[in-house]
Amino acid sequence: MQEQKSSSTSMLVIGLVVVVLIGLGIVYLAKKSPDKKSADGKKDKIVLQLKWVPQAQFAGYFVADKKGYFADENLEVEVRAGGVGINPVDVLVAGDADVAVAWTGNVLPAIAKGEDIVNIGQGFQKSGMVLVAKKKSGINAPADIKSKKIGVWAGGNETEPFAFIAKQGLDRDKDVQIISQAFDMNQLFNDEIQLASAMTYNELELVYENGYKPEDLTVFNLDENGSGMLQDALFVKRDYLTNNKDILVRFLRASMKGWDYAVTHQEEAVDMIGMDFAANDVTARPHQIKSMAQVAKLTIADKGTSEGLFYIDQTKLANTVSIAENFVKEVKEGKKIDVNKIYTQEIWDEARKDVKFSDYKNL
Amino acid sequence: MKKAEPQIILDQVGIIYNDYKIGLQALTDINLTIAPGEFISIVGPSGCGKSTILKIISDILDLETTVLKGKVTILGKTASEARQARNVGFVFQKPTLLQWRTVFQNIALPLEIIGISKSERFQKIENLLKLVHLEKYANFHPDQLSGGMQQKVSIARALAYDPPILLMDEPFAALDELGRRQLNDELIKIWQKTKKTIVFVTHSIEEAVYLSERVVILSKQPAQIKKIETISFPYPRKTIFNDLEFFKAITNIRKLLENEE
Amino acid sequence: MKNKQKYIYPLIAWIVVLVIWEITVRIFAISPIILVPPSQIGPVIIDSFSVIYQQLSFTFYEVIIGWSLGTLVAFLVAVSCFSFKSLANLLTLAAVIVSAVPLIALAAILGGFLGTGQNTKTLLVAILCFFPMLIVSLSSFTRIERSYLNLFRTYQASWSQRFLKLILPQSLPALLNTMKINTVTALTTAIVSEFFGAHGGIGQFILSRKGFYDLPMVWAAIFYLIIATSIFYLIMNMLQKFYSHWH
């Protein structure tokens, strides 16, 4: 009996030691930051986390890599693909990436929870998100979405559709039915949902490719509707920003060049992504080329042309914050967001000096 | 001898294996008649096909890999008819008991299959348990019994549906010397009480001589019957170990077999 | 006395784990979007039972119906064709090949033409439970020792007698074990498939709450998920123990 007791006690001690070690391991992993130097020790290393899988949406970064713009800046950039269950904001906060391509709508709830994340360059000058319905379903105006089934991409991409719903004076938990949307448009095609989330540069094109005509569809452009939020910005943690301004300037400069080239050489850019083009879905080359045209439009829109790529339009950013604070309860309930603390123009100002942008007016 | 009408007749029986892997293994020109109530043993070099003779009689030969030649007559019927009439009981080298059934339930198995009523079953099993001296173990599971006891359960089970013929394929091979002697004596008693015809395959010459009235000696591949020895010691044979004739009989057979190796 | 020890030590261990967890999060000021302390999760566990219960029962409908259906159909298919050796071999081969298709691909394919509703998920769970059950059933039905089959042959036993009195009881431990493992397969399948479009369920609930960094809710959902899964698994475990004890 005595022996048994002492053996269970030692088991308990061993168990606790293991738990403590695991705990410390987790903390270590959470706190560690990626290597700062490339393998040969000559270049500065930087990890870029994408919002989603490699596609035209990120063409400029791949161009910057393939055309050697990153190398010219003495940078080794590791581009990490996103995907289901990968939230770039999580990756950034955990310290597994230095820079993340993320949607402001996905970043604001984290900032409302107290995270100190900063926008250093605005990739897309407006939201590329639309909500699309078949006219047959009886949706012609925003007010018609009441008690309809609405598809959203769960896991951080719901803020804009949620804002849209709230803006119509509807409660997303009671007045409509939220359905988690798959990564194709079949739920819309087979009427499982009446209103679907779609990106101008991907799913909307896919709907047309499936034989639907613009006159068959109602498309709510969230940007025009006042519930769109800025997308595909480059975010960093503040402590990284403070310590690596020079690296970030070089990174942004190379990205500007990459995107300038991508926007002006769209087909070539699509081929530089390194995608395995499939036969007939969103990963097909013709689809990606159409997609690239839409992506280019978002990139050079408004201040993207007048000031230059990646310019952060304060008015638009403030507008995004106010939409989130007014119409997304997760942001509303969190800490008050100070627009001036979630971006910096400083990196852009420095990077822009040595970049000569093309003339986008003729595109 | 006392035997009248033969019960089992093997007439020019032979076996050819289809399977090339087994290749040469075969039985040829087996002629054997066994009388009702006889205790006959089969010995031979290992792998010569002793057990195959039992499979032929019980009609459980795998006909996908073997071709049977010659004629088998059991109680005036073909082997297949005799099996369908449940004329033959088989005790395998391993006890082949169902682990999830108790001793009682294992013996009940053939009776359940035949469709004998519960009360009748009960009576029969009680008697069989007494016959093999396992009354106390009725509710034990096989894994709680020794190897010898398990094999006794297997014998009781084979006797349960009262087949006139009992085939035994090296049933005590896995037992130690003492356990085997004990079971040999019990088997003789069972045989005398039940008057079954027993065809007993063994690799132990001593066991064959001790148990049986006749011993069939097979040659090596392709196996033929080399000789059939008649063992005329009276039963019970407990005192036989003091008898020089017993050892002479064993030595005789051993010599015949040694020439085969 | 002994019983008391049996419960006290794990309890102490758990309390210590929770305390270390709490202290670690506070000392190292771990971001609330990465890890939240138990003190923040506890109240949510209590408050949000009904919300989570609704999502859990949505998923467990998929799990239980799908699991039962897959298990039953696989068993019946195996029963009806194991006697035909070449058919059984062919089916086993096919089952092994289909089992190699990743769940994600299968979910996407099925979702494409059957939609992403509860029935599709149920079907997916059924398919993923079906193949292991079919493989194990076929292999255990056909792997009965020759001497046992010969024994039943000497009894002139019918097909059904041989199946019910020999093959089934002999295979039951393997079948029960597969059914037990399939409870976990079923649950994983249901949850993961909810990541690829769903009308409800705990998987999409966790994903969408995670999207808003609502970690206390995510942990509360995981807490109830673990409890529900354990109950399901333990029921199967008890059934298995009960069987092996009985026989």
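We just call them A, B and C in the order they show up, numbering each chain from 1.
To be clear about the criterion, a contact is a pair of C-beta atoms (placed from the backbone, for glycine too) under 8 Å apart; a residue touches a chain by one contact, two chains touch by 3 or more.
These numbers were taken from a predicted model, which means no experiment stands behind them.
Ranking all chains by how far their C-alpha centres lie from the centre of chain A, first place goes to B. Chain closest to the overall centre, judged by the mean of its C-alpha atoms against the mean of all protein C-alpha atoms: C.
The geometric centre of chain A is 34 Å away from that of chain C, both derived from CA atoms.
Remark: chain A and chain B have CA centroids separated by 81 Å (rounded to whole angstrom).
Inter-chain spacing, taken between the CA centroids of chain B and chain C, is 49 Å. Note for the complex: chain A touches chain C at residues 5, 8, 11-12, 15-16, 19-20, 23-24, 26-27, 30-31, 84-85, 87, 89-90, 93-94, 106, 109-110, 113-115, 151-152, 154-158, 179-184, 186-187, 190, 192, 330. Remark: chain C residues 145-148, 150-158, 161, 165-166, 169-170, 247 touch chain B in the complex. Across the complex, chain B meets chain C through its residues 55, 58-60, 62, 83-84, 86, 88-90, 92-94, 96, 98-101, 109-110, 112-114, 161. The touching residues of chain C, when paired with chain A in their complex, are 5, 9, 12-13, 16-17, 20-21, 24, 28, 30-35, 104, 108, 111-113, 115-117, 194-199, 204, 207-208, 210-214.
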